[in-house]
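The same subunit A turns up in both complexes below, where it pairs with subunit B and then with subunit C.
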Partner chain A sequence: MATWQLVQYVVTGITVGSIYAIVGLGFTIIYSVTGIINFAQGEFVMLGGMIAFSLIGLGLSMPVALILAVVLVTLAGIIFNLVAIRPAGRASTITLIIITIGGALFIRAVAGLYWGRDAVPLPPFTGDESLSFLGAYILPQSLWVIGITAVLMVGVYLLLNRTLVGKALKAAAINKRAAALVGIDARMMSLISFALAAATGAIAGVVIAPLSYASYDMGIMLGLKGFVAAAMGGFTGVRGVFLGGLGLGLAESLAAGYISSSYKNAIALIFLFAVLLIRSRKLMVGEEGT
Partner chain B sequence: MKKVVFIALALILVIGITPLMACGGEEGETEEYVIGAVLALSGHGSSLGEPEKQTFKMLEDELNAAGGIDVKVIIYDTETDSTTAITATKRLIEQDNVLAVMGATTSGVSMALLDTITDAQVPLVSLAASDEIIQPVEQRYWIFKTPQTNSQVVGRLYQYLESQDINEIAIISATDGFGVLGHGALVGETEDWDITIVADETFDPDDTDMTTQLTVIKGFEPEAVICWGTDKGSSVVAKNMQTLQMDMPLLMSHGIASMDFIDAAGDAANGVIFPVGKLPVAELLPDTDPQKDVLLAYKSDFEDLYGEGSADTFGGHAWDAFKLITNAIQDLVDESADVTSASIRDKLETAQLTGISGIFQMSATDHLGLGPDALTLVEIVDGEWTSAE
Partner chain C sequence: MMPLFIRGRGKMLVIATLVVLLSIVPLLGNAYYTSVLIIIGIHTIVTVGLCLLMGYTGQVSLGHAAFYGIGAYIAAILSKTYHVDPWLAMVVAIIATAAFAFAIGFPVFRLRGNYLAMATLGLGIIIWILFRELDWITGGQSGFLDIPTLSIGGFSFHSDFRFYYLVWGFCIAVMFISQNIVGSRMGRAMRAIRDSESASQSLGINVTLVKVKILALSAAYAALAGSLYAYYVGFIDPPPFGFLFSIRLVVMAVVGGLASIWGAIFGAASVRLLTEFLHPFGDIDVVLFGLIIVVVVILSPQGVIRGLVDLWRRISRKLAPS
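For the complex of A and B:
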């Protein structure tokens, strides 16, 4: 029970918590605009990492490869919305959620066919010598993850709450008809939210992958944890998903450190169960006035 | 008139159908023997299953091109999942009428197939590591395997540690079938060696951060760490240990015996020591080693087809399984005996093969037939395998 171990658990917890938060952010964005839970969010993260890997393999410099990967995944998110969500029209929320599950399976299968099933490495942004901090160690890449997560959280929060686009996005969620009456096209808002979620997902992917690896199925676990983080935050607030993600990461780390490592993944599922029980009423309520 | 037409039609139908019904078994002159395989072609066992499939394809073509018996290998994906594997195995047995089954790729999934195989009375040659697959042998009448067992691998590791004067170790194992059974071997073998386990952690093979578990381990200050899992999870353990600046020796299982581990772990792979069959270091063997020719031939044939440096021990286990079964079939044909699942099984129990995983001498009490000399120690240096002996 040394101090340095506690520091290490907290450092690890904040790092993985940031990962969960940044993945969960995509869930929150789409839900707060369309009421849909996009179960393909994890796949956007995966595509970010895998496309970046391919682009780097083609010889592009890292900054170019990463930016291009984010752009391409954003496009993928737009296409996904146009092809899978928009044609469903006035379908119920449940139907749309199931469509996203189908989309996730499809994207994952195609990725597995194209890139194969093996893990691929991505180079860290600024080197991989670990840094020492109060007896604990942290990789420079982990600092990137925490930093970029914080920046994205602030950025998306400002976008949703302080800009006209953000107000339009939220208006479409509150009441489609009323929003339409003031010239806000709900379908366009849906498209924007998917593009934004895909972009943040891709950024998550390229910044997370260097910590371990990228692979065609990395979206499953990350999507689940991100979903839990978003659920803990009630799905509607940026602050909520940020705190939810950090809370989940810290709880996992502390439980695995002080109780038993077998609790690590159990924690996410316990939290999920608890959150769904408590918040089930809120999640099941549809949009007003549709 | 109608009655006559009706009877005539019925007769024609019956006469027409009977030959079709008889058509289940034999065809023209060349009998094609059907063998099945259930392999992990997706899921976390896929880097092991893929070279197994490639080896089967290569050997199937090779055997059919040569004179003698013809075989057909039907391969299904287990997705590294027990339920999927059971369904696939049943399909092989009931619909494809295979004489024998090869697989599964991983230990947990292989264990799941035992009941199905025993009930169907079809021999299984598993490509997985754990001892429990073929023990207790009285309850494994139909089950064989080709890879070295976990306890042999652990024995080799402990032998090495003792030679380095290391007695206090930490173990970190995956929570999948392979990891759990390996954990059992690691704990069980400590009785025979002067080894104490001071820390015992587990990790999910799909998890991407094991820093917390390693932090616990670091607190116990072990002299060495043994990680037991397949390549993805193990690569994260190696990377995390480097991050935490844990410099003690890191030993792993034969689950990382492929280039995928080095690709994923990068620089963190250097210094890792693990036991493996002789294939990766075949060129370094003395010419007097009876396996050397077989190893080099497999390596060059496989790499001609699939690329430089692609041959690995997992494909080697598949090679052994294929040869054991097809040799059994060939022997039966030479003796003009019936080729059935039961007769193949009996032949397997007397099999002798200079194979890739070792020199096999099967018996009624040993459905693996390998000794500890089938394993050699490898150390990863500069992203390459070198002999650690």
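For the complex of A and C:
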């Protein structure tokens, strides 16, 4: 077992783990503010990658295309909230699950019709000449992924803890009625949380697409893994989901490297059940009345 | 509660009409209609089980295609590889799938709401991966060929015409059984659990046991439908048992009305027919399904038929001079 191999797996694990963490961050934001698990979260990631691909195809320069893609997906998140979540009002959990599943189905199928079934590549941000580190090869894009994740995590942390909007979001998450009494509009907070989750999801999509391609059906597994990351973090705060994502990414990459890559997705599912069952009592708080 | 749409004698009339209509169709001799209706019948059986679980008991399943697939694979493997009589293989498939659901029910129902949804979604994907990866038993991605068909004595259900009556016979039986369960003590317990778990518990209902039993029953229905599918088509491979089919089943249940046994026929039929009509245009049907379930659960959570009836009543009340 060579050191370079281990280093290689760890780097891969941290890279994909970062993505899971960002996707999980979207789950965490929406869930903590609205109590909704957004089953369409993975589709925001897919939209980010695919829209960026199309915009680059239109001849836009890389940074412009990426930023525009994130903006467009954020708008999609806002529209989704306005047309599907808001009209449901105070619906039951089952209804909300069906609504976000319906949204995911819709987005995915439209993407499949528009972009087709083939995976599409995105050029790496800065070349694809790999760097050598302790005998392992690291693509510059991996560094971008890790760097952007770090910036994003810190950014969201500061947004939630240091700004007025963030404090309002937190207040709505802790106690909706009390928040309403001090003039915090719950519907507005729900809207902001979806916008934020869509934006972070789209960022995950545009940074990972150069490494793993983008395709119309990437949303389900990415969504599931992001959910696992968020559940490992207990759906509270940035730090938990960050560690959850990294843990899942590392476990997956090490298992794929040392055991077999055909069961790579099974690792995430085993993590899913482990975390659900271990945390089942803790997670159920506030889930009565389905 | 709102008044029931059809009840008493009216209900029997509707059902009788339905039965007559259904029995006429294959006599028309159109092979295409017959085959579409066979598939609708098979899907209806699964949907009824999902309605019992989601609509009446209030427990989400986003992985029901797994039970359907397990039933299909067990029946296929036993009858083909091990030369077990297809009927016996079907019974084994149903019992084994129900037992599996019963066993996983206890840990799974420690979860509620969103987490239950995610867990069933994950379970569905795991089972699907197994269909694909255990290729020495299941044939993997290249599929499982030459499944024998059902026969009684020398009477073989090899033609669509004969299989049609078999499927719909099972389908009607499943609906009657379910309707009876819904009207029984068990059915009241189910609805109590849906409305409030703590209240049901305080009334002495064993909440977990009821949920697990209903999960096992709906898994048995799914396995029945799956084995019928395997015997009908004679070939199975993993794609029809994946995540998308689980969601498709949810669409059928929602369109028919989550808490409506007879609505399941309407749900399964509309989803299938929409897919058939829109087939030439690619995946437009899936786009519509996404839209439809969002619209239906927001505007008319009791299903499309009930929604339209209510709408018509409201309009006629407004038009009528008071």
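In this section, the second predicted complex is superposed on the first by the 280 of 290 C-alpha atoms of A that agree within 3 Å, B and C clash if a C-alpha of one lies under 4 Å from a C-alpha of the other, contacts with A are read in each partner's own complex, and residues count from 1 in each chain.
Going forward, a contact is a pair of C-beta atoms (placed from the backbone, for glycine too) under 8 Å apart; a residue touches a chain by one contact, two chains touch by 3 or more.
Since we're looking at a predicted model, the values are computed, not measured.
Chemist: Looking at the combined model built on subunit A, do subunit B and subunit C fit side by side or clash?
Modeler: Clash.
Chemist: A:257 in the overlay: touching subunit B, subunit C, both, or neither? Say first, second, both or neither.
Modeler: Only subunit B; A:257 stays clear of subunit C.
Chemist: Would you check which partner chain A:195 touches, where first means subunit B only, second means subunit C only, and both and neither mean what they say?
Modeler: Once the two structures are laid over each other on A, A:195 reaches no partner at all.
Chemist: Regarding the shared-chain residue A:265, is it in contact with subunit B (first), subunit C (second), both, or neither?
Modeler: A:265 sits against subunit B and subunit C alike.
Chemist: Determine, under the contact definition given at the top, whether A:99 touches first (subunit B), second (subunit C), both, or neither.
Modeler: second
Chemist: Does the superposition put A:139 against subunit B (first), subunit C (second), both, or neither?
Modeler: first
Chemist: Which partner does A:8 reach: the first (subunit B), the second (subunit C), both, or neither?
Modeler: Touch partner of A:8: subunit B, not subunit C.
Chemist: On the A-aligned overlay, A:112 touches which partner chain: subunit B = first, subunit C = second, or both, or neither?
Modeler: A:112 contacts both subunit B and subunit C.
Chemist: Give the label of whichever partner, subunit B or subunit C, reaches more residues of subunit A.
Modeler: Higher number of touched subunit A residues: C.
Chemist: Which partner does A:220 reach: the first (subunit B), the second (subunit C), both, or neither?
Modeler: A:220 contacts both subunit B and subunit C.
Chemist: Taking 1-9, 37-45, 55-63 or 109-117 from subunit B, which overlaps subunit C after aligning chain A?
Modeler: Residues of subunit B that clash with subunit C lie in 109-117.
Chemist: Subunit A residues touched by both subunit B and subunit C?
Modeler: Correct list for subunit A: 112, 220, 262, 265.
Chemist: Sort out for me which residues of subunit C touch subunit A in the complex.
Modeler: 54, 58-60, 62, 107, 110-115, 117-119, 121-122, 125-126, 129, 133, 194, 196-198, 243, 247, 250, 254, 258, 282-284, 286-287, 289-294, 297-298, 301
Chemist: Could you list, by residue number, the parts of subunit B that touch subunit A in their complex?
Modeler: 41-43, 46-47, 50, 175, 201-204, 206-209, 211-213, 215-216, 218-219, 231-232, 235-236, 239, 242-245, 260, 263-267
Chemist: Touching residues of subunit A toward subunit B in the complex: what are they?
Modeler: 2, 5, 8-9, 12, 15-16, 112, 117-121, 128, 130, 137-139, 208, 211-213, 215, 217-218, 220-221, 252-253, 256-257, 261-262, 264-265
Chemist: Name, in rising order, each residue of subunit A that touches subunit C in their complex.
Modeler: 31, 36-37, 39, 84, 87-88, 91, 93-95, 97-99, 101-110, 112-113, 220, 224, 227, 231, 262-263, 265-266, 269, 272-273, 276-277, 280-281, 283-284, 287-290
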